[in-house]
Amino acid sequence: MEEIRYKEKMLYSRELHPDDTIVQAGEVSIGRGGFAVIAGPCSVESESQIMGIAEAVKEAGADMLRGGAYKPRTSPYDFQGLEAEGIKLLLKAKQETGLPIVSEIMDAGNLDLFEDIDVLQIGARNMQNFALLKAVGQTDKPVLIKRGISATYQEFLTAAEYVLSEGNPNVILCERGIRTFETYTRSTMDIAAVPVLKRLSHLPVLADPSHACGRSELVGSLALAATAAGADGLMIEVHSDPKLALSDGRQSLTPQQFAELMKKIRALTGALNA
Amino acid sequence: MEEIRYKEKMLYSRELHPDDTIVQAGEVSIGRGGFAVIAGPCSVESESQIMGIAEAVKEAGADMLRGGAYKPRTSPYDFQGLEAEGIKLLLKAKQETGLPIVSEIMDAGNLDLFEDIDVLQIGARNMQNFALLKAVGQTDKPVLIKRGISATYQEFLTAAEYVLSEGNPNVILCERGIRTFETYTRSTMDIAAVPVLKRLSHLPVLADPSHACGRSELVGSLALAATAAGADGLMIEVHSDPKLALSDGRQSLTPQQFAELMKKIRALTGALNA
Amino acid sequence: MEEIRYKEKMLYSRELHPDDTIVQAGEVSIGRGGFAVIAGPCSVESESQIMGIAEAVKEAGADMLRGGAYKPRTSPYDFQGLEAEGIKLLLKAKQETGLPIVSEIMDAGNLDLFEDIDVLQIGARNMQNFALLKAVGQTDKPVLIKRGISATYQEFLTAAEYVLSEGNPNVILCERGIRTFETYTRSTMDIAAVPVLKRLSHLPVLADPSHACGRSELVGSLALAATAAGADGLMIEVHSDPKLALSDGRQSLTPQQFAELMKKIRALTGALNA
Amino acid sequence: MEEIRYKEKMLYSRELHPDDTIVQAGEVSIGRGGFAVIAGPCSVESESQIMGIAEAVKEAGADMLRGGAYKPRTSPYDFQGLEAEGIKLLLKAKQETGLPIVSEIMDAGNLDLFEDIDVLQIGARNMQNFALLKAVGQTDKPVLIKRGISATYQEFLTAAEYVLSEGNPNVILCERGIRTFETYTRSTMDIAAVPVLKRLSHLPVLADPSHACGRSELVGSLALAATAAGADGLMIEVHSDPKLALSDGRQSLTPQQFAELMKKIRALTGALNA
């Protein structure tokens, strides 16, 4: 219904830029044939927690570490994250493991704190927080944008355009499930988003099966599906003790489950590239 | 799926606060039996435009004037609003007509600019922009929160709780349509939201039929429906020349159409209160 | 996405047939300014039940009696209706009260049994049961079609076209709520369907607030909203003892609640027509 | 919202029946590690069309042939299928190629005509046509049920229960996409349905990527995704000349595209089973 204004060629569009974009996060390349796995807990909870998980996911073959320091929570009485202290712990984990860090930023006022964070994550709830998109567009940091839970492909791509049009070309798209009538799963992974976004855009496309389904027993199947559908990588929640997690424990894999999944993912990417 | 943490009694809840809350915007009371109509253009476009519309809606019986100075637009190449200049024009219209002003704030950094704006609007896309909700919660200004296009009642109310829990009790809820599979209308007005929110909460509940349907020919029917369903007021887009509007012209009433609708609304509220 | 084939002018369309169609069910006229209220239990359960409710809704001012003899239930182990015995009881209630009867038909093979039923109801689940639509289209009985829970306006109207194109012009449309992400209510009443269908088609449009919300405490507000939005009538579930109802008790009004609602509806239709 | 009645253990449930069910269609086994591919045109259009496609898909490795003789179409003026003549042509193709046949039945009155059809398909629109489900439940033929476009997992499984509870254990489930707000694709493939249904039920689970996306250029990616997610097989539309197809040409693969996809599917199933 709503008409939107386009430039003749949008910066995200594959017509303008036929080759796949590669976004560089530290030494990790995301896009064009590489396959990047980001793993870690929903929230940073303590030094021992994040250190333990960081070591474990690295050993299992993860390329990057995720962890939330600022958490967008439905209720103001939910755990809101360790905030600045959480960022410090993530940087310590980076130092120890060498894994580049992905963490969500919710407020442009915190950009200074994220200076050494490798990838700025824009959460689904902020996908159309245009003030925030413009602010991260004025940096040169990789920005991982999660699809809003009811965003169309067009809206997702034009949200990316807000970052690109400010001069920052380092945008990564991430499908994380949309809201439908089905309530058995937390969200509904829109698997078609992977090939559609790859066709419409040159930007790398990841998938987050953990948020998409909200149930650890389904994460593996969705991770393999997204890989087979052509995703450039995955973001997966891992927690050493999911039952005690301060957020999203229900959807977290244990490090051992994650390690087993990584083997299957490697077998699959091998077969697909053969 | 997602479990959320509640206080024993949420501040928004009717259990805690059985009487209807009245929010005062200048001399206009919103809630508990009053019926407040907010009208005006989607965007402030020029002095003559906003002045002309302000006079017209006042004459037709509107209680407050709306107008966007900062516009959240899907594409970065869409008209983004007159920004600070738009705020000035709104304040001029307030001076001329005496109508209190409702305008959307997208960035906590602009709070100073909104000092004389009577009601801060949080748009649907920012309903879970928690940094912004906390910031407006630290003021004492009336805050009108629009329901996110895929927000459940629970999420809508806990978004309000972010403002209330910071100490600002002046929250107004506004149903403006949700996203469904139906594409004939821009959104689908969830008319049940009106009685549901009135039951669960003591906060005033308005409806915005213009955004809900996106078609001027349907606005009247939805406005009457929301009134009959028990809404505490309406927000309606009016433009002197809808075809030339820089945004949302398709859903705007002309001043004359608005005046005719106001007569029907008065007849209806009369019958309902009789 | 799906292209569909149209006749130059569809039989349902207002372009072809500018005047409102009036469907005659016994002595009750549905459409064009009349306002018809159909009330009764979800299922016929026993002679005393249907007789008692029939008398009560007649006294409160209902124009027609509804009651299910064949029930489409999600599970095969749910109560499936009294079937042929239920039809007999409905006809007895018709004899006693003079109220025309509306009842759902699920199988064309039962058409003989429905010979004295005044209005054949096609349930939401069968809205695209084309074999059934064609079969009722070959009768001359009034056919009330409920909108499928995820049917677009276009699909709803082309379902009606199946009946019309077989030669039966007596079609009544009924909005009964669509499926969305919101789970607090059973369905989401799409109030805009009322004015949209009235614009696109000359057929009468009713609303069923009981199925739309699934909660008796909301039925009144939705009934008034649909009336204000321009519906040609309402279908409302009434049960003498909702807690003991074999189906849909949660959404049924008591006869007393129904009588009180009828007074408000009359006040509203009076004000709207004044 | 709606409470449904269950038997202590539903016949579809894995609790009752821990081992995977294998449904036998001619010599093809569906379920438990086998991987069955059903391919063919949306509609049977002519003898040369169905014969040509049947030979081509057989050569490419398809296990069964699909083709619609009775077509559920949104508009009564759309092509409704060749009906009885279409069934004859399907049986001729079966004779020539040896491929078992899957075809949709819309009316229990046609069961005789389907006597030599190997698998009765219940289309998405008829998923809750309980009269039809009961009728096919009284045969011993394999029944492939497509998920309704807005059916929950629970509703899908209880629809299967209607067939099982009549005594027919040969039920195959097929995910074919659900209706969401996204309109770029025809439906949204709910990839999580595959592992969820496999966990909740012992019945075989297929996926239909063609209807799920409605765009031939996406069919391959979704087919691979469903395979990786654990589906027991696929149903894919193939047409020798998609642009001339009388229905659903936009989503049909050419025989050559299908042959290439079959190679990838084999590589994938090989890697997954290794």
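Letters A, B, C and D mark the chains in the order given here, with residues in each chain numbered from 1 onward.
Criterion: a contact is a pair of C-beta atoms (placed from the backbone, for glycine too) under 8 Å apart; a residue touches a chain by one contact, two chains touch by 3 or more.
These figures come from a predicted structure and were not determined experimentally.
Visitor: Same or different interface residues for chain A and chain D, judged by whether over half of the residue numbers are used by both?
Guide: same
Visitor: Name the chain whose C-alpha centroid is farthest from the C-alpha centroid of chain C.
Guide: A
Visitor: Just give me the whole-number Å value for how far the CA centre of chain C lies from that of chain D.
Guide: The computed centroid separation for chain C versus chain D comes out at 33 Å.
Visitor: Per the centroid of Cα atoms for each chain, what is the distance between chain A and chain C, given in Å?
Guide: Whole-Å distance between the two chain centres: 47.
Visitor: With chain centres defined as C-alpha means, what is the inter-centre distance between chain A and chain D in Å?
Guide: The answer is 34 Å.
Visitor: When you check chain B against every other chain, which residues touch at least two of them?
Guide: Within chain B, the residues that touch at least two other chains are 150, 154, 179-181, 183, 185.
Visitor: Would you pull the chain B residues touching chain A in the complex into a rising list?
Guide: Those in contact with chain A are residues 1-2, 4-7, 72-79, 106-109, 125-126, 128-132, 149-150, 154-155, 158, 161-162, 165, 179, 183, 185-186, 214, 250.
Visitor: Chain B touches which residues of chain C in the complex?
Guide: Of all residues in chain C, those touching chain B are 150, 152-154, 178, 180-185, 188-192, 194-196, 199, 212-213, 217-218, 221-222, 224-230, 264, 267-268, 270-272, 274.
Visitor: Any idea which chain A residues touch chain C in the complex?
Guide: 179-181, 183
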